[in-house]
Amino acid sequence: MSRSYDSRTTIFSPEGRLYQVEYALEAINHAGVALGIVAKDGIVLAAEKKVTSKLLEQEESAEKLYHIGDNMVCAVAGLTADANILINYARRVGQQYLQTFNEEMPCEQLVRRVCDLKQGYTQYGGLRPFGVSFLYAGWDHIHGYQLFQSNPSGNYGNWQANSIGGNSTSIQSLMRQEYKEDINLEEACAMAVKFLGKTLDNNSLTDEKIEFATISKDEEKGRMVCKILRPKEINEVLTKCQSDAQPQSERA
Amino acid sequence: MSRSYDSRTTIFSPEGRLYQVEYALEAINHAGVALGIVAKDGIVLAAEKKVTSKLLEQEESAEKLYHIGDNMVCAVAGLTADANILINYARRVGQQYLQTFNEEMPCEQLVRRVCDLKQGYTQYGGLRPFGVSFLYAGWDHIHGYQLFQSNPSGNYGNWQANSIGGNSTSIQSLMRQEYKEDINLEEACAMAVKFLGKTLDNNSLTDEKIEFATISKDEEKGRMVCKILRPKEINEVLTKCQSDAQPQSERA
Amino acid sequence: MSRSYDSRTTIFSPEGRLYQVEYALEAINHAGVALGIVAKDGIVLAAEKKVTSKLLEQEESAEKLYHIGDNMVCAVAGLTADANILINYARRVGQQYLQTFNEEMPCEQLVRRVCDLKQGYTQYGGLRPFGVSFLYAGWDHIHGYQLFQSNPSGNYGNWQANSIGGNSTSIQSLMRQEYKEDINLEEACAMAVKFLGKTLDNNSLTDEKIEFATISKDEEKGRMVCKILRPKEINEVLTKCQSDAQPQSERA
Amino acid sequence: MSRSYDSRTTIFSPEGRLYQVEYALEAINHAGVALGIVAKDGIVLAAEKKVTSKLLEQEESAEKLYHIGDNMVCAVAGLTADANILINYARRVGQQYLQTFNEEMPCEQLVRRVCDLKQGYTQYGGLRPFGVSFLYAGWDHIHGYQLFQSNPSGNYGNWQANSIGGNSTSIQSLMRQEYKEDINLEEACAMAVKFLGKTLDNNSLTDEKIEFATISKDEEKGRMVCKILRPKEINEVLTKCQSDAQPQSERA
Amino acid sequence: MSRSYDSRTTIFSPEGRLYQVEYALEAINHAGVALGIVAKDGIVLAAEKKVTSKLLEQEESAEKLYHIGDNMVCAVAGLTADANILINYARRVGQQYLQTFNEEMPCEQLVRRVCDLKQGYTQYGGLRPFGVSFLYAGWDHIHGYQLFQSNPSGNYGNWQANSIGGNSTSIQSLMRQEYKEDINLEEACAMAVKFLGKTLDNNSLTDEKIEFATISKDEEKGRMVCKILRPKEINEVLTKCQSDAQPQSERA
Amino acid sequence: MSRSYDSRTTIFSPEGRLYQVEYALEAINHAGVALGIVAKDGIVLAAEKKVTSKLLEQEESAEKLYHIGDNMVCAVAGLTADANILINYARRVGQQYLQTFNEEMPCEQLVRRVCDLKQGYTQYGGLRPFGVSFLYAGWDHIHGYQLFQSNPSGNYGNWQANSIGGNSTSIQSLMRQEYKEDINLEEACAMAVKFLGKTLDNNSLTDEKIEFATISKDEEKGRMVCKILRPKEINEVLTKCQSDAQPQSERA
Amino acid sequence: MSRSYDSRTTIFSPEGRLYQVEYALEAINHAGVALGIVAKDGIVLAAEKKVTSKLLEQEESAEKLYHIGDNMVCAVAGLTADANILINYARRVGQQYLQTFNEEMPCEQLVRRVCDLKQGYTQYGGLRPFGVSFLYAGWDHIHGYQLFQSNPSGNYGNWQANSIGGNSTSIQSLMRQEYKEDINLEEACAMAVKFLGKTLDNNSLTDEKIEFATISKDEEKGRMVCKILRPKEINEVLTKCQSDAQPQSERA
């Protein structure tokens, strides 16, 4: 009987815990890792693809990174089907704001709306929590570049660098050691590649196993550009980073 | 008590698994196999019929392959009644799009809509997941020929070749070995016949046990043709393929 | 605990089975048998009445065969009360189609609508599956004479000859041996009588224990006639068939 | 665990039975018996009153027989409160038909409507079946005098003579032996008295323990008369029948 | 497991019983007794008050007897809060009838409406039966003085004398022995006092422990008067009856 | 199993008890005591505050006594949050009446409305009873000063003196001994102080532990005044009463 | 079985307790502490941040303190996601009041509305209580500076000083010893710092671990100012307080 506290989102255990939320987090721990780093002049998101097969359509199938609006992109860890529902919701909320106020929705406001939806699934009967964590990278006029992390409970936080998914704990401790506030986007990318390299099984990172996205200002067009990199672009980043990283790791 | 995590879609197990979704996948493993292969100039879907009886109406009763729109066809593995509901839904969604925008719905958008519906059945109380996997073959102006695979969880992926149902694992490993990107539709058909031949019990493939569908451009009419083959046409493909396959298997 | 998978339609068992649907099929196995045979020039449905009493109103009480529309008739095996609900639904759907498009609904479309309703009762909470199987005999302009069989799961198939209910397995094996495609309606009737005679307890078939329906073209009126035979007519068929059957069974 | 199949209407047992419906029938077996007999020129319903007390208001309190419309009367066995709900429903349905089409609703159509309602209570969650069986005696232009029997499952049948409630099995076997089709209403009444006399505890039938209703044509007024007999009238029937019955039983 | 049939109104036990209804009746057996007697020229209701305290407001607090309309009064046994809900309902129903047809609602019709409501609480999920029995005393133009008894199942009956609550069985047996049809209201009151006196613990009946109501024709005003007696009036009745009763009990 | 009757408001136990209602009463027994006494010229309510801390805002925080309308005040024992909901409801109901009829709602009518709401929470599924008892003190034109007591079951009674909460039983027995009908408000206050003094742990009553409210006629303004006393006023009452009480307790 | 009382908000335990509410309080005991102190000329709220990481965005992420309106701020202890929902609700309620009446909503009224919502989650099925306690600091024209504390049960109280969360008991006892009513805001801040210093693990309070908010009158602008301090401002307060506190702790 003592174990029945874990079968519904609508029960607190005697210690005040919501087991279903913790089990949903467990589902996320089996997912590939994703990380995000805020730099002075942009943000980088990087994620590990778990399903890799040469039969997968490379060009089209983003598995971990999704556009939410013109100034926002997110990384996903957990059940992809659950993530789709929430991303749809986020996009719709963002578009409604854009349509009403004629400007992009502030990032935190959007993140909060999605989190409020998530919270509901931890409190009402006949539902299970969404089995998915997010890293939202975004930019708005008020707070500039921002990185939010949210989880199945509906909590969220504003971070300078964070990670979600399988190896997130070890990446987070690497971040605490090595993150510096005044890096630029290029250094942030290098750092992302380095962190992934240390935690993934094989050291050789390839465009088949990694997804990348960046937000930065396109100086020419004078506006934010938020792009998910194609395999070829990922390869460029990887080779560039790895050649740079070599001396770094020697220094280490 | 520890086994009660498997009785509702609204509970995560302590390991973060949704047992009902996994059990639905088990239902699909008892179904006949279906496979799809993308070629340069078209896509082929092939499926094994499990219920065969000379009393079945041959001409009319497609058991595994269904038209969704003018440019899309899908193969089904699992509970046929569940599949009917989803195919109806897909057709309705596609028609609404066509009516609104006066062009065929992009394939991925359609697949995603169906998958979002499926996801809901894994999260809300008083429901069971749909016990059916799909292979969608389609063509649209943006991405050309595409093959999507989806399952009861509501996940989907974009593949160059994949299979669902009973013997899908062995067919998938054959695919990984033998699939080449630059094949044409005829070679893809031959490959499909070969793969089915290796996994079905008796090597002699007949029009009673196999269903075939292709999407390709009809050069004369200058538009896509998406057709489910009639028994006679299947026989032609089979005899052609088997005569071709003979030397191939010798070479192997 | 391991047996609790069978108590709700909304749970898959670990083997991917829906026990409630299988139990509903069990209910049907206690019902009287019904069979249908497609001939070149018509279809015959025949069914065994289980409740027989000389106190029953003979003329009026069809127990197993029901008109659905002008071109369609169905045989029922299972819970009569459940069947009534579905037949009402089928009639209403058919009439709505007729009213909208001014022609009889194509048979398969009608069958499918009823089956979609049935499927819902296997997927949503707080419901049990309909405990009834159907044989639909119909005719439409597109596919001519058709025979559909459906069961509690919501599956259906297009058959040339099939049977449902208590002794359906043995009748089906008889059908596989003796059915020929080019028979005419008269021969189909004889075959139906023969099959029932072999499976029912007492060999003496009477109008109290058998119900008969046929669909055929009335050449004079130039339109389809779909009729459920009255006891007197059944007797005529029986005596005619049995006198014919005698030599046949000698030949056998 | 194996006994839990009997606790909900929404579960089939592994043998395909609905235990709750069977238990509802059990409730009916504790009720007083009621019977109906169709004659050439009318129908008679007779019922045994279980609650008898000289403190009961004799004139007004029909316990077992109820008018439904001008041409229809029914006998009830089971939970009276449940019966009231269904009789209200039947009356309302009948009145709506009368108002719409300006003629009495055909008997079977009315019976069927009530049975469809009953069926719903055997299939949906959170409900129990109606614990009541009915004998409907009616007359319409199409089929003349008719007697329908229905039970908690929602099944119904068209009978020439039948009975429901406590001793119905023994009365039914008496009926099978003695019922003849060409009797007139007077003989049917006598038969009813005789059957009740044989099954009730004490042979002396009184107006306190029996209720009677008849439908017949009032030749003078030229229309159907459907009446529930008052105690005095019942006594007349009883004395008349018993004096007639004496010689009959001697002949037997 | 075998005892779980008693936990829901929506389950029949294997013997066809509804335990929750029987348990509700048990609640009523703990309540004070109430009785009603129909006389030639009126009806009397009398009830035993269980909660007696000199701190209770004597004048205002009717605990067992309530007006329903101008011609109707009822006695209650069971949960008072449940009774309030039903009395409100009865009053509203009666007023709506009065407003629509401009005459008092016939008694049985009103009783039936309340009973239909009660029945629903024995058949639908998530509810418990009303834990209250009623004695309705009323008068209408059609049937004159009437006394109805109803219980938690929704059954009701038309009686000349009956009682509900704690000692109702013994009072009912007294009634069967002593009730005569041609008594007048005064004799009925005396009878009521006598019956209560025999069943209550202490023989000394007081206006603190008894409530009284009568319906009779006020000959002067020429209309029905339906009044609940005040303590002083009760005392008058009691003293009058007890002085009369002395000789009666001697004769007994 | 036998103890499961106590887990839902929708089940009667075999003895006809509603355990959840009894458990709610248990919650009230842990609350501070409250009492009310009707005098010739007013009513007094007094209550014991359980949460006492010098950090509490003294002036503003009534914990046990609440205004309902201009002529009504109530004392609460039990869950404060539950009480708030019911007090809100009572206020709204009272205001609607005032607005509709332009006079204060009669006390009993208002009390009854709140009790009907309470009753619903003891009969419908998915709810728990309100864990709170009330003492309503009010005045209206019809019945003058009135004191009602209600509890979680939805029962209520009209009392001259009563108490609710923790020590209510001992206070009630004191009341039965000492209450006299013809006291004036001042004597009633003294009596209230005396009763509280005898039951509370420490004899020294302070304005921190006691709340007081009175309803009486303000002779100058010629209308009812219904006031909850401020700490200073309570102190005045206490000192006045205690100096008076001294001789009384000596006489005792 | 005896432990099942703790699994639903809709059950009282036999002792009249709502275990789910108590478990929710347990969740709050794991949260960081928050405290509030009312001074003559303002209120101070202070809270301990549990999640501290140099990777967190310092400027933007208030974790424990939130604005509700122009004159109100609150501190939170418990599940942040639950708190967000309630804060949204409070803000919306406050804005609606402002819009309707053109003045700030009185503090207690707003607090009460939020508490009523909370109460509902402790009484209705299929929900769990909100796992969050609040300290509301506010100012309105009627009662000036006010501090309310509320918890998952929906109870609230008006305090001069109080605390919620992990170490609240020890802080409360410190408050009882040291709080004086006539302090000014500066002294209240010092007191807050002192209390937090005594209960937190390491004595060295930093702007990373503490959040501060004050409400006071801006004499220049002549209106209330309600501000959440930025890290730099917190540091100023801390250094100021600690230098002041030194002598204080020596005096102690």
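In this document, chain identifiers A, B, C, D, E, F and G correspond to the written order of the chains, with residue numbering beginning at 1 in each.
One rule holds in what follows: a contact is a pair of C-beta atoms (placed from the backbone, for glycine too) under 8 Å apart; a residue touches a chain by one contact, two chains touch by 3 or more.
Note that this is a predicted model, so its numbers are computed, not measured.
Novice: Just to be sure I understand the contacts, which chains border both chain F and chain C?
Specialist: none
Novice: Chain G and chain A are one sequence twice: same or different residues at the contact, by the over-half rule?
Specialist: different
Novice: If you average the Cα atoms of chain B and of chain D to get two centres, how far apart are those centres in Å?
Specialist: Whole-Å distance between the two chain centres: 57.
Novice: Mind checking the centre-to-centre distance between chain A and chain D? Centres are C-alpha means, answer in whole Å.
Specialist: 71
Novice: Could you put a whole-Å number on the gap between the CA centroids of chain F and chain G?
Specialist: The mean C-alpha positions of chain F and chain G differ by 32 Å.
Novice: Scan chain G for residues touching two or more other chains and write them down.
Specialist: In chain G, 1, 4, 9, 125-126 touch at least two other chains.
Novice: Building nodes from the protein chains and edges from chain pairs that touch, which of line, ring, star, complete or other describes the result?
Specialist: Looks like a ring, each chain touching just two neighbours.
Novice: Could you walk the ring starting from chain C, turning first toward chain D, and list the chains encountered?
Specialist: C, D, E, F, G, A, B
Novice: Hey, which residues of chain A end up touching chain B in the complex?
Specialist: Residues in contact with chain B: 1, 3-4, 6-9, 19-20, 23-30, 51, 53-57, 60-61, 63, 79-82, 84-85, 88, 121, 125-131.
Novice: Which positions of chain G touch chain F when the two form their complex?
Specialist: Per the touch definition, chain G meets chain F at residues 1-2, 4-5, 9-18, 108, 112, 115-116, 118-120, 122-126, 143, 146-147, 153-155, 157-162, 172, 175-176, 179.
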